[in-house]
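In what follows, chain A forms one complex with chain B and a second complex with chain C.
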Partner chain A sequence: MNETKITSRQIISLTAGVTTAGSVLVIGALIASTAKQDAWIGSFLAILFGIPVIWVFLFLGRRFPRMTFVEISRELLGKWLGTVVAGSFLFLCLQISFHTPWFMSDFMTSQVMPETPHYVIRALYIAAMSIAILYGLEAFARASEIFMLVVSVLFVFVMVMVIPNAKIENLLPVFENGLIPVLKSSVFVTCFIALPNITMMMVYPARLDDLNKGEKSFLKGYFLGGGITCISILMSVLVLGWAITANSRFSVFRFANLINVGIVFSRIEVIVFVVWVLTQFIFCTIYFYAFVIGLSQLLKLKNHKRLVLPLALILLTMSEVIFPDVAYQEHWAVFTWIPYIFTHGFVLPVFLLMVYWIKKRVLKMDIGDNRGQK
Partner chain B sequence: MILMKAKAIIPVLLMMLFCTGCWSSREINTLAITICLGIDKTDEGYLITKQVLNPTALAMQKGSDEDPVVLFVQKGENLFSALRKIATESPRKMYNSHVRVVVLGENLVREGIKGILDFFMREHEFRTDFYYVIAKNTTANEVLRIFTPLESVPGVKLYLSLENSERYWGITSAINSIDLVQSILADGINPVLPGIEIISKAGYSEMENSNDEKRLQYTGMGVFQEDKLIGWLSEDEAKGYHYIIGDVGNYVEQVYYNERDQITFEVRNSQSKMIASCKDDKPSVYVEIETSLNIVAVEGVLDITKQENRKVLKELLEKRIKLFCEKAQKKAQQELRSDIFGFGEVIHRKYPKLWKKLKESWDTEYVKLPVHYNITVEIKQAGQISKPLFMKEKK
Partner chain C sequence: MQDMAVALFVVVFGSILSLIEIPDLLKKKMHRELVAFVVLTVLGMSLALLKAFGWSIPNPSDLLAWVYSPVEGIIKGLLE
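The block that comes next holds the complex of A and B.
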């Protein structure tokens, strides 16, 4: 087989991108309204909660080092049930790949360019995504390495610059409302940082050149992305206080407004915008890629690239109509997204894992993709 | 070959279509940059006064007949409609991201500013880093109509002199949207805003500009109950307030040793710590103030190099600072009944359970709250000479 392979370094950047993008600007409000001033504790706990989830992904990946998630579910659950499960997973991928352009254009038009029509931003964004997939995974993974480097540097820069505005009093008193709201909020955050990584299962074991290094890289990427999210939530609460954070749609953008160090470093909030655009791009492209690859595997197509352009048109149309307004989207993020990603990102892989164990231990079947370990 | 090249050129040309920059980009010469915004309440709604930079006048260094800023005044039922109505008289599009100061008329502030703050936090063009001031005893419109010396743009003058007076006079504080919203939202603290007054003094009339008899000056701080102005702190009380919250800046302090000897100090650094304590569910607050000062002038013959004299000076200073603090506390606690110091938040942070009980009745509890002061003063330096110059040495 002549498939493109990606290095374990690129796994770091892809995972970090996926982990960060779902969360960095949006969940500040959600978590601060639940956990109040303890939001940062909640987000640190969320990283710990995510570790078993990531472990499940890694475990599945180790058992099937040559297969994507779609192939694994078909292998384990048989042709019919496997196809249904894989189809449902692919629908999730499709949905997220048209949600993200909506988020992008919503942010752009409400914060930076209010007079630009939504569809222009979306069209450019989806065009860039399609081009990335047409170039192939390898090119895209390399780009993501550069993107995450830029993102990390800019992020650290913004966070350091905003330190003079931070007030430690905003974090006190700790655990005012007990532990329950904090745990609740951290479950929310887990749904935004750890569970979306399920999509990496379309890339992670199958296209990797070195599995042993890859496992470590997956975790590293997860910690990098989770760290960015945590620090952004911590700084939001430190600078804005929980009440304003809970009420801001884009809290990181809001506190970046306040940066004024010397006269030189002021009015640099657009840097945050760059961080957001780049991570969203990695996130969305991975989802779109997962969908394209998964669909072509499901339909047994030879060339997945032929699907890209027609699907891009579907994305463009769907991203226009998916959310009628902001209030609906905020409701969706809490009441639909959390159960939705929980079933697909946690219940589903655990279920597959159990099926694997039953088949292997109880039924003593020869299962697993051990071609790599001959 | 030629065909290949032509094929390569087409995508490049297509790309150029997308590289034209922002959709709604505007050149700087089509914008009217707002520098200062005044808001008043009238019977029909809001009265907006906008100070907009006049670039042609600013570009010419001197000798220009034009004024450096242009005023736009409009009425509207709400803030946004009033702001938009300015479009009917301005040829350029208003650009609000560079607003430095928002002046609020006293009438408006007495009725509450929640609606205004919501607008400023929501609207994307306004940032959160500008300052709010109250036009004391006057309207924002009057304040913005006054031209200012030294700094040709009055809005910039308001901004700079607010920052300067925070640093060197210590009785005002520069407060932006985030601070203001935070202190309105929190239960255990009420906001304050600096007040600006129009003063006219005889000595100014020498100036050529006819408008120059009037000047703007920051005076005292407006005290809020939630989002409504309820009273003013005088200059001395404002000083006490800033000592208590630990934000005095390089304030000037003087004491009289006796009839003849007056010693003037400059505050180098003053920090405070508020500590809540609780006995039998009765809260109290300890305010620890640490101030270090430099001697800047000695009128009279007191030998400041002697240890015992320094000790006396320290005690005098401590007494003086305590007096200011108590004045501010008395005004805020007994007269205005507004927790501007954030004592409630101090208790909240340390005793969250007790605070749950107190929260509902904090307005009445606050009035009874005992506050204790512990003031430490350090006299650091004495300038370029040690003993007073004209002190006679005893032999």
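The block that comes next holds the complex of A and C.
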């Protein structure tokens, strides 16, 4: 393994990218149809619900500061069970690497460039991802820092520009249906913002130069990404009202259409599009990277970069197969993705945590990798 | 038509890649990498060809949807 290290500031941008991308445009419809005008309260609660999940990741990272998630599961569960668990986790990463190019091309062809073939967009996107991984994690992490800076500035700009269109009566009455629908919707949002960060476990403790700063950065990145998601949901409800938000696939894109200040600032929605493309890129590259690294650790390969290009060819074909149409995808995202990420992003790390405690406290085994701690 | 073009691209790209990588991997005696590389490249090419000739490729999303179909009722309950 080559020892490339990333700084804790880069962890902020990577975590923020992963947190934002899973949700920023897609989640609005789902949460608004459940919690109606209280959707924004649900999304703020979801950030709080996510903190224990992030704590579990941080705890595992502190106990095994030199290991990735695949190595942790093999260390704790033994060779066979550990390999099965790691394989199942890698399948999640692969699945997401198939999905994101599909989302990208679907968004591009339905909203921006309707006459471009799907394959061209996907091929460019997958090529960019492969190049990012071939350059190495360090280069990609530095790029993500710039991306998140651009994303934050553009996002704040769009949100400020859209304020004149906001109508406060869209939020009223608060708690019309009581607290239960809000809590239900926040469970969904947690599945989209906090749990995908499980993939950061392939990067976070093992490739980090300073663990103590890194923990804070992980949380900061999570709050930054969660904040972007929450504010975008709040603004969609404020501007569009919950009924339109619930019925539009890309609600943020839709309300950015409404920005029109003079002739200079119209067609602002392309800025939202830039935000979406950049965060999706961070998200998908981290997942693809996690898959490549995990696979090469599972197969005990010395050089993971040899696998990137053959996998990119598989990605190109499979991203066409993965969802036959939009209706299938919307059903899948709710009824399969939520339990799927719940078992892999929450149940699995908690299970590993319990195994760690049982081995450490009950069986008094000398476990854990404390070499990296100062 | 598009599937055909992609299949052609994948086969050409995969062949060029193999011509460059395989001798290098053999020279450096990285046998594990060689096996993984060949398996993945062949898989990628055959998937593209299957798609181009209109065969149905098993969809991993369907598999996951089947695995998690028992909990669909719980999610429906949460949605109301």
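Just so we're on the same page, the second predicted complex is superposed on the first by the 369 of 374 C-alpha atoms of A that agree within 3 Å, B and C clash if a C-alpha of one lies under 4 Å from a C-alpha of the other, contacts with A are read in each partner's own complex, and residues count from 1 in each chain.
As a convention for this text, contacts are C-beta pairs under 8 Å (C-beta built on N, C-alpha and C of every residue); 3 or more make two chains touch, one makes a residue touch a chain.
In this text, all values refer to a predicted model and were calculated from it rather than measured experimentally.
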{"item": "Which of chain B and chain C A:Glu176 touches, first, second, both or neither", "value": "first"}
{"item": "Touched partner set for A:Val334, first chain B, second chain C, both or neither", "value": "second"}
{"item": "Touched partner set for A:Leu211, first chain B, second chain C, both or neither", "value": "neither"}
{"item": "Contacts of A:Leu219 with chain B and chain C, given as first, second, both or neither", "value": "neither"}
{"item": "Touching partner for A:Ile231 - first (chain B), second (chain C), both, neither", "value": "neither"}
{"item": "Partner chain in contact with A:Pro117 - chain B first, chain C second, else both or neither", "value": "both"}
{"item": "Which superposed partner A:Leu258 touches (first chain B, second chain C, both, neither)", "value": "first"}
{"item": "Chain B versus chain C as contact partner of A:Leu301, first or second or both or neither", "value": "second"}
{"item": "Partner chain in contact with A:Ile244 - chain B first, chain C second, else both or neither", "value": "first"}
{"item": "Chain B versus chain C, judged by how many residues of chain A each one touches", "value": "C"}
{"item": "Residues of chain A at both interfaces, chain B in one complex, chain C in the other", "value": "117"}
{"item": "Residue ranges of chain A in contact with chain C within the complex", "value": "33-34, 91, 94-95, 98, 117-119, 123, 184, 187-188, 295-296, 299-303, 306-307, 309-311, 313-314, 316-318, 320-324, 328, 332, 334-336, 338-340"}
{"item": "List of chain C residues in touch with chain A within their complex", "value": "2-3, 5-6, 9-10, 13-14, 17, 21, 25, 30, 32-33, 36-37, 40-41, 43-45, 47-48, 51, 57, 59-61, 64-65, 68-69, 71-72, 74-75, 78-79"}
{"item": "Interface residues, chain B side, partner chain A - complex", "value": "18, 22-24, 121, 124, 127-129, 176, 178, 181-182, 185-186, 345, 348-350, 352"}
{"item": "Chain A - residues contacting chain B, complex", "value": "110-117, 120, 124, 169, 172-173, 176, 239-241, 243-244, 247, 254, 257-258, 260, 266-267"}
